[in-house]
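Chain nomenclature is as follows: A, B, C, D and E, assigned in order of appearance, with residue numbering initiated at 1 for each chain independently.
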Amino acid sequence: MEITRRGFLALSGAVGSQAALGAFGLMGPVKAYADELSKANKVKASKQYTTVCAYCSCGCGLICSVDYMTGKIFNIEGDPENPINEGSLCAKGAGFFDLTEANKHRLRKVQYRAPYSDKWEEKDWDWALNRIARLTKDARDKDFVVTNEKGELVNRTESVAHLGSSNIDNEECWLISMSVRSMGLVYIDHQARV
Amino acid sequence: MKDIEDILQKLERLAARAMERNPHSAGVVSAFRPLIMARARLVDSLDLAGRGEFTLDENLFRQGIPVARQNAWFREDDPFAPVALSLISPLKTGFPDLNSTWERFTGLIDGKKIVLPDFFRSYPAGGDDLLASWAQLLEADVRIPAFLASSVARVILERRALDWAGLVQDFEWEKGYCPLCGSPPNISRHLEGTGQRWLHCPQCNHEWRFRRVVCPCCENDDQKTMSYFTIDEKEQESAFGCEMCKSYLVTVLKVSGTAEFDPDIAALSLSHIDIIMQEKGYLPMVQPEWSTFA
Amino acid sequence: MSNHSAEMIKVTDGIERIAHWILAATCLFCLLTGLGFMFHSWSGIPNMLGGYYAALWMHIFSGLAFAASLIYGFFMWKKDCAFEADDAKWILNGGGYLWPTTNLPPVYKYNAGQKAFFWCIVAFGALIVLTGLVMWNADSFAHVVARWAFTLHAMSAMVIGSFFVVHFYLGTIGNPGTVSAMFTGKCSKAWCQTHCPRWLEEKEKKVA
Amino acid sequence: MKEHKMEYVKLIDTTLCTACRGCQVACKQWNENPASKTQNHGSYQNPQDLEWNTWTLIRFQEYTDTDGNFKWLFRKDGCMHCTDAACVRACPSGALHHTDYGVVAHNREICIGCKACTSACPFDIPRYNKTTEKIYKCDLCYDRLKNGQPAACVKACITGAITMGEKETMIKKAYDRVEKLGGKAVVYGDKFVGGTHVMYILSEPPAVYDKLPVKPSVPMSVILWKNLFKPFTLIGMGAIAGAAALHYLIKGPHEVHEKKEGEE
Amino acid sequence: MTNHYIDLKNADVILIMGSNAAEHHPMAFKWILRAKEKGAQIIHVDPRYTRTSARCDYHVPLRSGTDIAFLGGMINYIASNDKFFHDYVVNYTNAPFLVNPDFQFNDGLFSGYNPEKRKYDKATWTFQMDANGVPMKDFTLQDPRCVFQLMKQHYSRYTLDKVSSITGVSKENLLKVYEAYASTGVPDKAGTECYALGWTHHTTGSQIIRTMSMIQLLLGNMGIAGGGVNALRGEPNVQGSTDHCILYGNLPGYLKMLNTSCPDLKTYLEHYTPKCNDPQSANFYINYPKFTVSFLKAMYGDAATPENEFGYNWLPKLDDGKHYSLMHLFDKMYEGKIKGLFSYGTDPAVSSPNSGKVRKALEKLDFLVSANIFDNETCSFWHGPGVDPTQVKTECFLLPAAATMEKEGSQSNSGRWVQWKYKAVNPPEDALAIGDIQIRIMDTIKALYAKEGGPNAESILNLKWDYKDGKGNFDALKVAKQINGYWLADSTYEDKLTGATKDFKKGELVPSFGMLRDDGTTSCGNWIMSGSFDEKGLNKMAKREKDDPTGLGLYPNWAYCWPVNRRIIYNRASCDVNGKPYNPKRKILAWTGDKWVGDVPDGPWPPQADKEKGKYPFIMKQDGVGSLFGPGMVEGPFPEHYEPLEGPLAKNPLSNQLINPTIEIFKSELDTVANASEKFPYVCTTYSCTEHWCSGALTRWQAWLLEMQPELYVEIGEQLARDLRIGNADWVHVSSARGRVKCRAMVTKRFVPFKVEGKTVHQVGLPFNYGWLYPEDGSDSTNFLTPTVGDANTFCPEYKAFMVNVERA
């Protein structure tokens, strides 16, 4: 029983054809105003995405409105469909906008501090990744324990540890939990225990 | 129900504010104001027969069959003619240029040349040929009789919808078209605070709640393919656009539940958004009221 | 008219006149701008002066000038305005203005009315200056003090305003020949005989 | 037919408030009021008092009631938007004025910073800013109300302690709630200064809450000032000028008469 | 949580103990207030009167660290006044089981304690088995050796006087709470408990929660709407990170980590697969091998073959009995044995105990890789107070991370609802999602090992690592599907109960963990998350339908709730043995003769009464019933009150065991302890505040939040402040045996002195949200004061009870 979508009430007459009874000129000023708005590109296009708050573990729903041109979030509000918060937010949730890049304290660049130096220097990702891989491999291989004193096969390293985090997504947690174990790390923990 | 005096005053206030806020559409709003007031007065005073005889099949409703589809839209003894006639005077004040047409229309009804029940018997299926013949009688564009018929339908269905609304109160309705009469929405508003999205039906003036990031027309829920257009410095005026079915819906943002709001007046005063969106290539979900007199 | 009676006696010296006119000017200015603030219908005055904000600052500065000149005037006229026994008699007889009377006591320099005017202006002048200062930084005073400052300021304005009109009338057309006292500083001998006979005698005794 | 003006009332139910201060943040966010550098003064209440950039403030109060059980009272302080507002009466330049919806709005352009309102307000709400020389206070988000939006604090409250609606319905809702609560609960706000557009449901008698006047009223000083001295300044001067003129016409000027020889 | 947030509205009595819900879980408190509006009674038991207490019916202050005494008293009250729910306790718990006669308890210790090793030999903690290995039961609960009688006898020592003397709670308050809560021991009443770090931050943390579970079992509150034991956890995805086990002791899905006592897969599976001879016990962990093999297949992909035991020996093994928790990690780092640390999205320099030791330990690192959205005290430890950068050799990397709305993925709230999040915007400039960072780091490391090799390089090289989308970025959907699990070969699944068969092709997704195989034909990254996709690839985590047929707030089609979308765990226990709901008004499940209707049941089997096909409700437990007698715990099958490591008393009023006999004592020179000493006479606890969140590393940077809570403060009772002549808002020093902190004094009526063992004991409290980095003049981490000691089972540090001294600065 498909209800005719288009033109249910448009019993006749083409859509949007302004010509015919222009005699009344009712829409003249409206059309002018519409053109003026479009020309001065006053019409801002945006997208809306649903996400979840990153403070306590209630899991309140949020809707982020993103300006299509600048690609920046300009408004975050409660998600009315989410049955937990039904559109409302607590004080921290309401201030969630301050976690976006609008907060100037957000980290934006890869930073490195050389041994004994007293300042951060900016680096690029490739350099940092290679350096980190080198350090990790050397530290792991140097004290790698294949068998413990009792001669049992253990294949582990106690010289590299991993902390973090219960503030990241499930997929990222699984990726970390699995990849650090493949390297043989045993000192693995995060805030769930704190 | 608030008494009719309060409603009329509210409409008066809203129309005045709309005209002050959007001067460019003041003409449209003031043209339609008498009609809107008349419709409100009629709905309040109309006493339709057969009020209690509506049935509602719950799981049909749950599958998305609106109430009107499960019952007869109109009854033979619905007061089509009196309603039509009482709409003529506001139309005269609103659209003086068409006075001759309105006169002729009154004459034709009195003279039984235009028999309204014929049209409403097969509603909403075609009635195009009937309308074409009325248009010849009226010597006017076919959209005039179409507009008259839809206004009459609006008054009667709005009165009937008040009874139907009671029937469906406690059922979930997840569809994008009106749970009572099945018409797509002409305007929607987002409640301030909770952000709930309420769609308005132009045919029976019923408002129902719908999910936020989903298209009412094709129920597409891929958030990447839906866009929202807002007008700078007028953060309440916006439109929802769906890239899948290329349809749009004028949306008034951040309106508080307790505030005074009339969807019809809002739709008229935001007609510039209709034009902007149609120029961007989107299609309206339903024919805007003002398009008859564009 | 013999030159005798046309002879002009010096009744006020230069400083006295300057003090008087500063006092008068600032008082009038404050009165007008004050009324401008108090009544929206009079908002013409502050707007004429460049808006409420500017008018307020002018009001404050002229208020300070008024205070200075008031203090100076007080010390200057205090002696002559000290009340005497027969001042009461003067008042009882309406000072000769309200109904004809003959037994007016001879007046030294200023009659009882003028003395009353002087003391009222000093009292309410001090009050209006004090409350004005309080109003200037109202938020550093207790609320009840700040609140009543506004009220007393308005009351004093009312009193000073009223006395101002009386003084203006009697100082000009009410007593012909008086106004020159404040312009040229000289009045006719006859004026002195009418208004300040005892002072005139003393003055002539000193000269002689 | 009385032009039925729509009046809103913001009802603050202190028995539902958990002092999460979402309203304080939302108010600052909507009005773009900067945060002030605060210190901990031995209480959760921060900033200490209403300021020019803090228009709403949760007041924390530790209170042991008459029969000894301890209560922690939270009260959202801010402008009460009185019907008969002392500040509007006191304001010489008309910056503070009544608007529709019952809001006491403030037109900052024409405010001359005379601070009459800060001392006149029975609730001690308006705050003066030394640098801008203007006063600041909550305006019930008047621009939002005009758009049909609820005030920012109403939107932010998650326990529903702050609600806003049409005046009569909210007053009825307040009394129903107080009846349901029983005990010493009381409705505060509709019995004085012509009824305020911000009302409280208090769990304790008003006298208990600090900085909450028990019987607020337009202070006598303002009444005297505006109803007596203000009119009488003009009337007084006018009357005396008239009397002088009459005196001049009837009695005539007090002429100087020649002092004849020997005449006393 | 066994239930979830919205379910709180269905409760008749809500006990908030060990939590400050109004301040730290405002949305949960909204649902608690909804219950209150419907007439529920809300009780708050907490050392301090907080904003939660202000909105509860009444507040009961108790001394920090005495929760087991308080709850033990309630068990005693319930058992001795016959308030327990008979039908439920007899059928659904191990109350009727007969315990091994050698099991003893005297003077604070259970049988089998070894003082040197500080461990128990659990041989005597067993049940008497009948001929075919099923525990013997006395359903009349009268046999002195049955669990119920032993429990009753154990808690008979928790008399009102003794409990009042330990906890400092008056007898009237104790009775008031016990009566109110025990009133839910009837079919048509539901009582629930909300706890948080207030309970977990103790050396006896796990046993506190177990005591409450015993109470919920006695009152029949487990598995019903408005019941259960609900943890209001602190972090947005702490439930998810715990499920995927970024924890030393577990593999994703709570599988046990490999240790040296299981050299190969076969012994490992034998060791950890529980067996039960009672046919009516589902003993769902019988499928343990399927979950383990499927995990290994998901990890190593095709490289994992039956021949190499699916890569079992590539994984690292822990030494038996050795632990590698956060406190052990920093202990080893302090000894200089740990060279490198990866610190993602965390701030241990503020949030871990004994910050002094942690910061000294960090200086001994060769390299520190941290990824965060804001800089914090850990990443910048090298220029902290009292640290000379020129002496610190650590190479530090600060990688900019993406915030939650800048990446796609799923997040589990503590009600086990896994909600899908969409990516709204790209992260700023060089910032990347943690997933992207981890993928790039592992790619580089894999390349290095491919080139240069190294010990056990196969483990790294064979790791399945193709989780990138077309453009080489981290693809959350691909990982989510890998977690859900795939069919690795065409196979047909035969449902044992109904006999229906269903065919699946290679590469299709596994619709539920019931279908996993242990022969390597299925892969599943985490068995509890299996079912988050249906076989055709519909992402159930992204579902947004709002229908709620039961009206109890289950919302079955909103997001995905592990396991298998079951919204309330152990929900079979909400019906009697024949499957008829105990409380028809709050019906979440009912047996209609051939199937269950309502929430997803705990397994499809008929109810218990059906002797041959029916199953007991607690399907994850070996015996299928709730454990009043819990031999799984390290410190004893019945929770016993022990004093905190650092407490005010020299002797435990209940026994000669002062502290928990099985906790590990750290012995570095910075781990000093001062129990019952004059120098540190006041009990101290730490907590957070509404305005800040955890270590404050996110909220301290926000002006409007910092304005409301600008500085560290210590809340002191009025009487103590008078004694120490401390005025409100004075600067004071709070010192413990380990460190000292300078902060403001907040003199308040909300802390009251306790009468403990005849002595007046004062308590103070501090938030832990502040650090030296920002705001500059704000003071430093409160955790300079806290001891390095943790719970015996979980090593969760004891932040909530230690001893301090307070004096004017």
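Just so it is clear, contacts are C-beta pairs under 8 Å (C-beta built on N, C-alpha and C of every residue); 3 or more make two chains touch, one makes a residue touch a chain.
Bear in mind that the values here come from a model prediction, so they are computed numbers and not experimental data.
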Listed by label, which chains are in contact with subunit A and with subunit E? B, D
Farthest from subunit C in C-alpha centre terms, which chain would that be? E
Quick check for you: compute each chain's CA centroid and the global CA centroid, then name the chain with the smallest gap between them. A
Comparison of D-E and A-D by number of C-beta pairs in contact, larger one: D-E
Centre distance in Å when subunit A and subunit D are each reduced to the mean of their C-alpha atoms: 44
Please work out the Cα centroid separation of subunit C and subunit D, and write it as a whole number of Å. 40
So, in whole Å, the Cα centroid of subunit B is separated from that of subunit C by 76
Give me the residue numbers in subunit D that touch at least two other chains, ranges are fine. 20-22, 24-25, 29, 158
Give the residues of subunit A touching no fewer than two other chains, as numbers and ranges. 47, 49-50, 81, 85, 88, 90-91, 95
By the touch definition above, subunit E meets two or more other chains at residues 26-27, 30, 422, 544, 546, 690-691, 704-705
Mind giving me all the chain pairs that touch? A-B, A-D, A-E, B-D, B-E, C-D, D-E
The subunit E residues in contact with subunit B across the complex are 422, 544-547
Touching residues (chain side subunit B, partner subunit E) in the complex: 172, 174, 211, 221, 223
What residues of subunit D sit close enough to touch subunit C in their complex? 90, 92-94, 110, 112-116, 118-120, 124, 128, 133, 219, 221-222, 224-225, 229-230, 232-234, 236-237, 240-241, 244, 247-248, 251, 253-259
Where on subunit B does subunit A make contact in their complex? 22-25, 27-28, 31, 65-66, 69, 95, 97-98, 124, 127-128, 131-132, 141-143, 146, 149-150, 177, 182-184, 191, 193-197, 202-203, 211-213, 217, 223-224, 226-233, 271-273, 275-276, 278-279, 283-287, 290-294
Which positions of subunit D touch subunit E when the two form their complex? 16, 18-22, 24-25, 28-29, 34-44, 46-47, 62, 64, 70-72, 74, 158-159
